[in-house]
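Next come two complexes, and both contain chain A; in the first it sits with chain B, in the second with chain C.
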Partner chain A sequence: MARFTRRHVVTSGCIVLAVAVSLVGAATIRDGVALSVALVIAIAGTATFSARGMRANHPTLVRVVLSAVAIDCALVSTFFFSATTNFNLAIGAAMSIVLLGLSFLTGASGQISLGSSAFMGIGALIMAMWANHHASTPIVVTLLIAVAGGALAGLLLGLPATRLRGPYLAGMTLAFAVAFTGIVNTFSSWTGGDAGLQLPTSATAPHWLVALFSVSTSPFVTNTMWITDITIVVTGVAFFFMANLFASRTGRAMRLLRDNDVAAELVGISLSRTRVIAFIVSSAYAALGGALWTLINNSVSPPSYSFALSVTILSLVVIGGIGTIPGALIGGIIYAYSANVISWITTQTGLNPQGNFASQLNGIIFGGLLIVTMLFAPMGIAGAVRHYWLRRRAGVVTE
Partner chain B sequence: MDPFLTSRAVSDILGGITNGMIYGLVALSLVLIWRSTGILNFAQGAMPMFATYIGMVAFSHVFSYWPCVAVSVFVGFAIGGGTERLLVRHLYGKPELNPIVVMVGFLIVLEGAAAALWSTQPRGFINPFSPIDFQLGGKPVALSAFSLYEIITALVVMTTVAVLFRYTKLGLQLRASALAPEVSRLLGVRVNRMLTLGWVLSMGVGTITTILVASNFFTGLTPQVMDGVFAFGFIAAAVGGLESPVGAIISGVCIGVILQFVGDFLNSNYIILVALGILIVSLMVRPNGLFTKSTARRV
Partner chain C sequence: MLKKQTRRFAYTGTALVLCMGLMTAGTSIVSAGAATKTPGVTAKQITIGATVPLTGIASPGYNEVAKAANAVFKYVNTKGGVNGRKIKYILKDDCYGTPGFGCTGNPNTVAQTRALISTPVFATVGSLGTPTQDSVRSLLQSSGVPQLFVNSGSRDWNNPTTYPGLFGWQPSYNVESKIFAQYINATYPTANVCFLGQGDDFGTDGLAGLVAGGVSPTDTQLYSVEALVASSGGSFGPYIAKFQSDKCTVVVLDTIPGATDAALGAALSLGYAPHWVISSVGSDPSTVYAPLSGKVPSDPEIGAVSFSYLPVSTSTSAWIPWMRKVLGADSTDFPGFSSSTALDGNMEYGAAFGVAFVEALKAAGATFTRASFLKILTSMTFSQTPSLVPLSYTSTNHQGLNGGYLDTITSATQAQAINGTVYTTDSTSTGPVVKAAKLSTGIPSWLK
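Entry: the complex of A and B
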């Protein structure tokens, strides 16, 4: 095994590149070091466990190890990141859960939803409502209740959705996204209307953890860090389950359904049942993401779960790569840093930050990227990279 | 005086018909594009909105209504044709997802661009019609000069489209190239031109609708003025069946009247909920719309 193969060259190249990029790109030296350590572990772990034999013989084991490695290095890096970076990381991680849900719905079962923002909003509101009435419930249980609420809403909307073809379904979910604010205002005694709800208490890091790492008078483990860690663990678990679902019997049935529904019915797959399952899973994931946002922000503001958010979610899924797991992660990272990038563009081009143009830049850029990606690389970043690797492996020389 | 005309129910029906005509027009423009190119245009609200802004700005110094309307409609034609030629043409024969995603992206870009160029402040579209209700025996009837103008314009547009499709050679070519593009091409119809024309026509209808909405004294023109109207128009088109222009108009008017009653007797928050309920129930009963003849899907 001492042979120095191309895989080794690529892996070490990636590590060097990752260290360089994180040292140059991070805001502080501490961030940069943390990021490069995390990336080195991640790349090394991925390279080891993506060896062909391992993947073929023990797929679930590889997925467990990969999720564990990913969660672990993300957790380690939160100890070094600044509070702002941690906050962005948590927001992006929660968003990637939502993206994964939509990616699964569209990529695996061929349905399209423009209602993700409403399902997120449902999860976010249930989280806040439950916490306001039963403050002593552990966070994990509250998250699960929010997920159950999202799944129920997904079932209600998914039942008519099973009979609809693409454009009708997209229009129906669009109407749901537009109706969400109306729904919230109709039940404003529970939901707080447009003003939204506050969590009664913010999530605080447990005392033993703070005590464990407290070196000097200032506590090392902050609440932001604790919330980020919760989000990362939840995200990792969500990704692990989805990876298994993609590969499972249900996942394969969904892909067949997407590619040829008549063939799927002929081999005994129930069309409506499979589609409803896909819709329920997707809305449960969206609700989980929304509930985590409530946890991170310590409050929920229903107007922010508007149709525009649905479009942002759709753009991120398309840009990352529909129906791929790395695509959802890429989308989440893009979302976490989009605000920074856009403000950077604003300062670089000398636009007035309060002006009309700067405030619309987000929508224009995401919409434009959506069109360009769909026209020129319909499988997004992850799809394009995978296509390139497959061509390389097949020995096709690309000029 | 007859108290019947000023009663609550009749007022709701009249107001509902006025709104419903608008929904019917949006639904009609969606159906035109769907029938000619098989695409559900999610930017059907935003594209005419942009055209209306351009027409308005072009004539913002003149302060006269009709030149603005004319310019807007012509810009609407141009945007429709240009979009079909430059953007939509690449989407034919692609999976269902692609056109939906691209048109949603286009919607967001147009709304962002309009807000960036002209801000989100509502702009009044000063027009010669009074928004004050007619009086009958000291009580208002739910009709004003402006709503009569809306209804009559809508009827004229609908009749024009119907006559064009039913009684002209051009309409025959449009229908033929939608139904059987290969055969039409063999018979000498320029199918590509017909596809473009379908978008141009639809955008003309859309722009006139947007002008009517923006001329309303109480709304004015904002970048997102068509969002809600588009949602109701889509619901009307889906309930009536995306294949059926007549169904689109009828269900548009019916939905307008029903929603007016809901808003008056219950609460305005319930309007969108009831609309969503109508959509879900009708799609569960007839997934292809109430006015479409059932057709077997080709595999």
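Entry: the complex of A and C
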């Protein structure tokens, strides 16, 4: 574009101002540079995706920019959060990756899977086992190896799964989830059995990141922030790929498969191939989430990847919103804070902490939320919000 | 709806405002600096913490341990604390890292430990469990928080090069088993011995100790805790039946209390009555008898031999009445504790490491850092704690106690020392079992 519109002037002005104030106001040059980089990305990104016609003409670019801005804002905010909040954020982000995978499988391609916990467990175990044998492999490479393992498992499970529908598919994935803990115990010399495995060292923040903090900040805070930052970047990339997949030809094929498989076949879509791809994607995402959990917790405890977790995951997908991207994020946040909320409820209502009711509170609350969601908002929270927004736009609801 | 143009300005404007806010906040965070002082320590108080199974699968019996330590700390606080500082002990319920079974805490040891680190605590003291504490070793190490007196006999706590802030307390499973082996060789030299152990280092280290002590079991079985729980003890039937058909007259159990119950129950129903030799981990009379009472005609544990590194409740040690006094004074942790309440092994355990911590704190002086405290631990020998042998660590050995005596279970609540001879040994396969050169010398006057 040859002409400089008002928007260009305003955006450039903002950027120059932001950089100047950062460099002048920050305590050291290094901080100033870091801050101005973050600000420039945020401003430029916002200006780009809000430009006229961008969404229609350059959707992929908009997705890239949107992801970059979201990652950027999230990274900056981790700087200010306490270690506890960062930890919860990381756990929730990793869970949202799993939810996204399942949301895609269930919502976009219409297949039910109760095996998410097992795929998470596979990713988590591969991460731990690889790190124990090859400690020098970079974190990202180990994550990719875990994803590959999850994808392979998804392929193995997905091939027979193409013959099954509905409750039978659910039953098969359920069997896998239940068998997983047994398999782990059988190979306990590899997997550590009930006790699980620990990563050889705790991830520590690199020098350049520690230098951004004042001397008195504890390593606990900086290390937690580092792990959270890694998780956020990985989550952002995973969401970006999924958003692209949703909008791509494969995504459309999957939605058609869900809605009308006869029509899909007539159009020339290979049913079994598409279903298997959906399975592989969903299991790869679940494995990535599990591997991130291993990184965050610095250990893997196979008993925690039980069938009960699968049910929680499915509930969160439904509550957040099946088949939507914001739904996965909402589900992740709910998961991250559910433990806190439950213990808050226990203390507020003065329940006997050792009584039956209190110990089942987790299941009661999730089950209750699930029932309420299915009755009043079957499309989940994200779906309900989108529904409201669309109705508002169409002028049905007036303020 | 706003006009498109206005909307876009609004977006960029909001971004700008947000940035301004972040910048001002950012500069203030980065330039803030506080004087570094020892975390968890003020002039008047020292804060320590532990992750323990207050509820959940491992809680019966084990939930008393840290509470007993807390009772010791409260007692010391009533006397003005240590060097003017009161001890604040924060307990986080991690349900042994296992959800379900009535768990109302957060069965995530990592999250609970992180909560403690954020408090901040000076150190974790008396956290319980081998897998649970293994999972937070490197986190505590990288955060610079000492991990003291881990409640477990695993050798994982003895790794001073990688984890200089990590210390065990109780004797290792190897030490216990070597002393068992000496007893078995002396008392049942020709018997067939069978071994049932937990399928982690509790069982494997225990077996290694037996073998190192010269006992080669005819049959060895390792059980999984998950299978035990899933089958409500039923999974032990085949193991005990096999031992019976092997004609083992001595059976060594390296089992947690629930597994001890399963083994004893299975033997009872098979009419099998070998000489039981049970690890201190799972032999406490009250804890073992509680789930069986009312279901069996008599306590099947009576006559079993076990190992104790603390004075049994029937002994004449001055620590026993002292512990009763201290626990009785803590009505929050031990409501209704009276002279007729049994003083069980769990309570003694907690009180013992509580005393050890208090003595180390006193020795550390009025001003100390984490580093200077750890130096005190590895340079001093603590001869005036409840344990039978003195507690000492070196810069190359962080395991803890290394000896005890053998006792027999005489009732549903009591055990008696067999002859009171205290033995010590190490965790290696060659170190001999010898009579303890030095014993603990009693209660220090300032603690009475």
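The criterion applied here is as follows: the second predicted complex is superposed on the first by the 332 of 399 C-alpha atoms of A that agree within 3 Å, B and C clash if a C-alpha of one lies under 4 Å from a C-alpha of the other, contacts with A are read in each partner's own complex, and residues count from 1 in each chain.
One rule holds for everything that comes next: a contact is a pair of C-beta atoms (placed from the backbone, for glycine too) under 8 Å apart; a residue touches a chain by one contact, two chains touch by 3 or more.
Note that the structure is a prediction, hence the values are computed from the model and not measured.
Q: Of the partners chain B and chain C, which touch A:Gly363 in the superposed model: first, second, both, neither?
A: A:Gly363 sits against chain B, while chain C stays out of touch.
Q: Counting residues of chain A touched by each partner, does chain B or chain C come out ahead?
A: C
Q: For A:Gly196, select first, second, both or neither according to whether it touches chain B, chain C, the two together, or no partner.
A: A:Gly196: touches chain C, not chain B.
Q: Just to be sure I read the superposition right, which of the two partners does A:Phe87 touch: chain B = first, chain C = second, or both, or neither?
A: After superposition on chain A, A:Phe87 lies in contact with chain C alone.
Q: In the superposed arrangement, does A:Pro378 touch chain B (first), chain C (second), both or neither?
A: Only chain B is touched by A:Pro378; chain C is not.
Q: Contacts for A:Thr60 in the overlay, against chain B (first) and chain C (second): which applies, first, second, both or neither?
A: A:Thr60 sits against neither chain B nor chain C.
Q: With both complexes superposed on chain A, which partner does A:Pro167 reach: first (chain B), second (chain C), both or neither?
A: The first partner, chain B, only.
Q: Just chain B (first), just chain C (second), both, or neither: which does A:Asn185 touch?
A: Once the two structures are laid over each other on A, A:Asn185 reaches both partners.
Q: Could you say whether A:Ser272 touches chain B, chain C, both of them, or neither, answering first, second, both or neither?
A: neither
Q: Pick out the shared contact residues on chain A: the ones touching chain B in one complex and chain C in the other.
A: 185, 308, 356, 359
Q: Where on chain C does chain A make contact in their complex?
A: 4, 7-9, 11-12, 15-16, 18-20, 22-27, 29-36, 39, 55, 97-104, 106-108, 110-111, 114-115, 117-118, 120, 130-131, 134-139, 141-145, 199-200, 224-227
Q: Quick one: which bits of chain A touch chain C in the complex? Just the residue numbers, please.
A: 7, 10-11, 14, 17-18, 21-22, 25-28, 31, 35, 38-39, 42-43, 46-47, 50-52, 76, 79-80, 82-84, 87, 181, 185, 188, 193-196, 198-202, 204, 212-216, 218-220, 223-224, 297-299, 301, 303-304, 308, 339, 343, 346, 353-356, 358-359
Q: Please name which positions on chain B make contact with chain A in the complex.
A: On the chain B side, the touching residues are 34, 39-40, 42, 87, 90, 94, 96-98, 100-102, 104-109, 111-113, 115-120, 227-228, 231, 234-235, 238, 242, 267, 269-273, 275-276, 279-280, 283-284, 287, 299.
Q: Quick one: which bits of chain A touch chain B in the complex? Just the residue numbers, please.
A: That would be residues 106, 110, 112, 114, 157, 159-160, 163-168, 170-172, 174-176, 178-179, 182-183, 185-186, 262, 307-308, 311, 314-315, 318, 322, 356-357, 359-364, 366-371, 374-375, 378 of chain A.
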